[in-house]
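Two complexes are shown next, each including chain A; its partner changes from chain B in the first to chain C in the second.
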Partner chain A sequence: MQKRKLLEEQFFLWLMRIVTLSIILVFLFIMGVIIKKGYHAMSWEMISQEPQGGFYFGKGGGILNAIVGSLYLAAGSTFCALLLGLPVALGMNVHWVTKTKFVGAIRFLLNALWGVPSIVFGAFGFALMAYLQIRASLLAGIITVTLFIVPIFIRAFDEVLRTVPQGLMEAAYSLGANRTQIAFIVFFRQALPGFITAILLAFGRGIGDAASVLFTAGYTDHIPQTVQDPTATLPLAIFFQLSSPIPEVKARAYAAALILTAIILIISLVSRLSTRRFKKNIL
Partner chain B sequence: MSNSSTIIDQVQQVNGGEAGATSGAFPNTSVQTSDSPILQIRDFNVQAGDTRILKDIHLDIPKGKITVLLGPSGCGKTTLLKCLNRLSDLHPSLKVKGQILIDGEDIFHPTQDLTTIRQKMGLLSQRPFPLPMSIYKNIAYGLKIKGIRDKKVVKEKVEKHLRDVGLWEEVKDRLHGPAARLSIGQQQRLCLARGLAVGPEIILADEPTSALDPISSRKIEEEFLRLKEDYTLIVVTHILRQAKRLADHIVFMYFGEIIEQGTPDEIFNHPKSDILKQYLQSGH
Partner chain C sequence: MAALQRLILPAKLTDRLSTGWLNFAVLFLILLPLVIGAGLVIKSLPLLEQASIGTMLHSAEFSPQQGHFGFYAFIMGSVWVTLLSFVLSAPVCLLAAIYLTEYSPQWLTQSMYFVIDVLAGIPSVVYGVWGVLVIVPLLADYVAPALGLTTTGYCLLSGGIVLAIMAVPYMLNMLMEVFRSVPIELKEASLSLGATYWETIKWVVLKKGLTGIIAALSLGISKALGETIAVLMVVGNVAKVPKSVFDAAYPLPALIANNYGDMMSVPLYDSALMFAALLLFVIILVFNSITSFFLYRIKEQ
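Let's turn to the complex of A and B:
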């Protein structure tokens, strides 16, 4: 009996080791391929210039238009998602916490929305543009991507808020705090690391998605000056360049992928480091 | 844990296996305190679904005394405590009937201002829950809610209340450090100081020492004995010795009912009901 338990333990230990290792290997493999294929096309020119004439045939220039466009788009829509999502997530866990059926229904709807493919949001955004009479632009892209990432942000933040202990809520109520004070001071602080994770998740999905911006944000070789201008995005830059038969342009697609990954990595690192000092107060 | 479950079994046998059979068995449970009560609980019933958690509670809490709610786990003492400052509102499944009067005002009246009610009572829970901020801000937060913003006043009050609970000397050099880094015993005393800062009349303590080591527990108990000069305390416990050490007045509860109440001498040396006798014999 003892021996069987030991064997069982060993089996699962090794299973976990193998699975963990293979996930890390797959990640390294993806990074390796991107770096290997995109390394030669990487240059200062690539990240500091807009496309020059003949760029899509392998001539000079860079993808600054797509880098800036993507940052504008993702930052804009993450900000909008935050404005829309923060009250909902806090409300679900503080203000309406006793209305279990209502909150359950909201969670169900958000889960369903999370599962909707981004191309559906793209199509919806396209229909919305026609209705609102706006053309493919940064604004239309932001609206569409916001709708796409808002359920992700709310549910991710909500899951963390649900772990805030009931006793903390009771303690704050006992001091005479009202629900809004509890939501924004106690719950928000306690769940701050989860809040950052939720933002990053939403931002990452927003900056990395191609289908939702395909019809709504358009594509241009210039950096947008107003929200009504169309804008280039990194996922579409990868998409367009990867479909080119010219090897130099294909390599640029991988370089663009590398830039996209680097942006997400940098933002993730910076925000985690900057919130480290808040973490010490959490139970 | 095993102790209390055996008592329940025994008592159920005594009562013919029917917990509800105890109702009305001990009608002589009216209060005999000369002081004016600070809280009056009248015909108070709490129901969750089909289960009656509290049954016809009629109780006066004497002012400036320590009242101990004693009884085995699951007898409704915590529910009663949480109804006193209407934390029961957070549990929509609880149906509340009856009255709790503080200074003649009904706590459960629909137009009652909850903030005022809750600030009249400080809560100390089983486990300490410091707010996710610094030691200083934990205490200043309650003051801020009350509208006290003058930095000098806040600073004085923080020091005063930390001294009140004997924590000042231990934390005065790290007031702006995180409260979460304190030991559990220190956190519990911080929570007490935080409650005192709001200026309550009553302190509600729900098994306040159950998560603490013996030394920290003793500190909290000593604090309580000091505090009763200025406050009314209601302490929930299932520890007989703690009840003996602290109580001026003991209320013995069983299955949602008040079985017996009186002074520690009456409860420990002259118990009237069989259930209480059994509970006392189980030792603790």
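Let's turn to the complex of A and C:
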């Protein structure tokens, strides 16, 4: 009996070790393939030039249009998401902190919205464009991606704001501060690392998502000059070039995938480092 | 923000302004799901006037040129690819989460958080590239011939594998949270009664965390159901009900994304795609509500 118990424990322990190891190996495998394939196709030309004539038949040029387009799009929509999301996240923890039912309902709503796939936002954005009479452009892309990342941002920021001790609010009230001052000065300061993580998370989602911009942002070989111009994005650049039968064009998709992965890695790293740096202000 | 304090703005005015903006923002957020739902319904109305929802869900005939829009093949494609990814990822996540919360050394758990972070951050199109480069040739050149089958590699199984990997960070993260929230006193009580470590996990941790486990797994399912680009790149996109895992399939999100180009030229086609988006939206809202409900139950306990 004792022996069987031990055997069972040993069996599952090894199974769990193997499974955990396999997750790490798959992770390394993915990174390895993306880096190796992308490195071979990478050149300075890729990240410094717009597509030249005959680019999609394997001639010269790069994907600067998609890199800059993606950065514009992600920065614009992160800014809009900040405008909408910051007050709601702070309000949920300061203004309405006593209305637990209402805050609970908003959290429920955010959870539901958080899981809605980006393709649904893309389809809705397309319907909205037809209604507002705007064509596929940077603006339409920013609107769609904003709707998509607002719940992500609020949820992430709210997680951290909830950990701010209630005593701080009481202390601030007793010193004569009003709700806005408590929210934007006390609570925001306390949750600053979480705020940065949330912003970077939303930015990363915005820059990496393809399905929501497929219908709404269009595609062009040029860097957009105004918000009404269509814009190229990195995920779509990868997607379109990978489906090309020409090997040189395919190779560029690998390079573009490496650039996108590198951006995501940098975001992840900055998020970690800055969180550490801003922690010193926290009580 | 400290600068705000030093500004000589009247506190009452800033309070009123910011509260006004706050009310507007929260109203916008509450209305958003309603507006999305209403927008998609309005857009799919032309199709709904032509055919009943029941026939569209049951019919497998999809030929936009003739005006037949049957979604059965696409729904089955979505269901199968999601189920497959669930079967592949759920046991892995469960075992790994138990190991990482109950057994593993601290440094391993810490570095696993980094792995989860990056895996969750990698854009789906990059997973798609990886699937095309690795999984598709692997299935076409090695796995299928070894089983005496032929396949292009762009099949249900490729989609399932890629999706399973993409679901891992979400499920694993949430499962670890669930296991960590099991009170340590319960475990100590079980251990002091003579149970082994594994028995404690089996009878106490898993039982206590059951609602959380269900919530985490259903979150993984809803993530897999809505995933678009990565699946689209590896799943083959043939509008037939798949008969084996080596057949090509055509899930709903892929249908929407793939036909963007032609949808304006064929009557009712855009309406059909909006209906597909509406289907996805409703299914996933229901799934997420279930998840939230279970999570709420945990917090209650």
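As a working rule, the second predicted complex is superposed on the first by the 245 of 283 C-alpha atoms of A that agree within 3 Å, B and C clash if a C-alpha of one lies under 4 Å from a C-alpha of the other, contacts with A are read in each partner's own complex, and residues count from 1 in each chain.
Here, a residue touches a chain if its C-beta (ideal position, glycine included) is under 8 Å from a C-beta of that chain, and two chains touch if they have at least 3 such contacts.
Just so you know, these numbers come straight off a predicted model, no measurement behind them.
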Fit or clash between chain C and chain B when superposed on chain A: fit
If touched residues of chain A are counted for chain B and for chain C, the larger one: C
Partner chain(s) touched by A:98 [first = chain B, second = chain C, both, neither]: first
Partner chain(s) touched by A:181 [first = chain B, second = chain C, both, neither]: both
Contacts of A:253 with chain B and chain C, given as first, second, both or neither: second
Partner chain in contact with A:214 - chain B first, chain C second, else both or neither: second
Partner chain(s) touched by A:189 [first = chain B, second = chain C, both, neither]: both
C-alpha centroid angle, chain C to chain B via chain A, nearest 10°: 100
Partner chain(s) touched by A:7 [first = chain B, second = chain C, both, neither]: neither
First, second, both or neither for A:171, with chain B first and chain C second: first
Minimum C-alpha spacing, chains overlaid - chain B and chain C, in Å: 7
Chain B and chain C contact sites that coincide on chain A, given as residue numbers: 178, 181, 185, 189
Touching residues (chain side chain B, partner chain A) in the complex: 82, 85, 87, 89-92, 115-116, 118-119, 121-123, 125-127, 129-134, 141-142, 145-146, 178-181, 191, 194-195, 198, 204
For the chain C and chain A complex, residues of the former touching the latter: 1-2, 4-5, 11-12, 14-15, 18-19, 21-22, 25-26, 28-30, 32-33, 36, 39-40, 42-43, 91-92, 95-96, 98-100, 103-104, 108, 112, 115, 117-119, 121-130, 132-134, 165, 168, 172, 196-199, 219, 222-223, 225-229, 233, 253, 256-257, 260, 273-274, 277, 280-281, 284-285, 287-289, 291-292, 295-296
Contact set on chain A toward chain C in their complex: 5-6, 8-9, 12-13, 15-17, 19-20, 22-24, 26-27, 29-31, 33-34, 37, 83-85, 87-88, 90-91, 95, 104, 106, 108-124, 127-128, 131, 147, 150, 154, 178-181, 183-185, 188-189, 204, 207-211, 214-215, 235, 238-239, 242, 253-254, 257, 260-261, 264-265, 267-268
Chain B contact footprint on chain A (complex, rising order): 97-100, 165-178, 181, 185-186, 189-190, 280-283
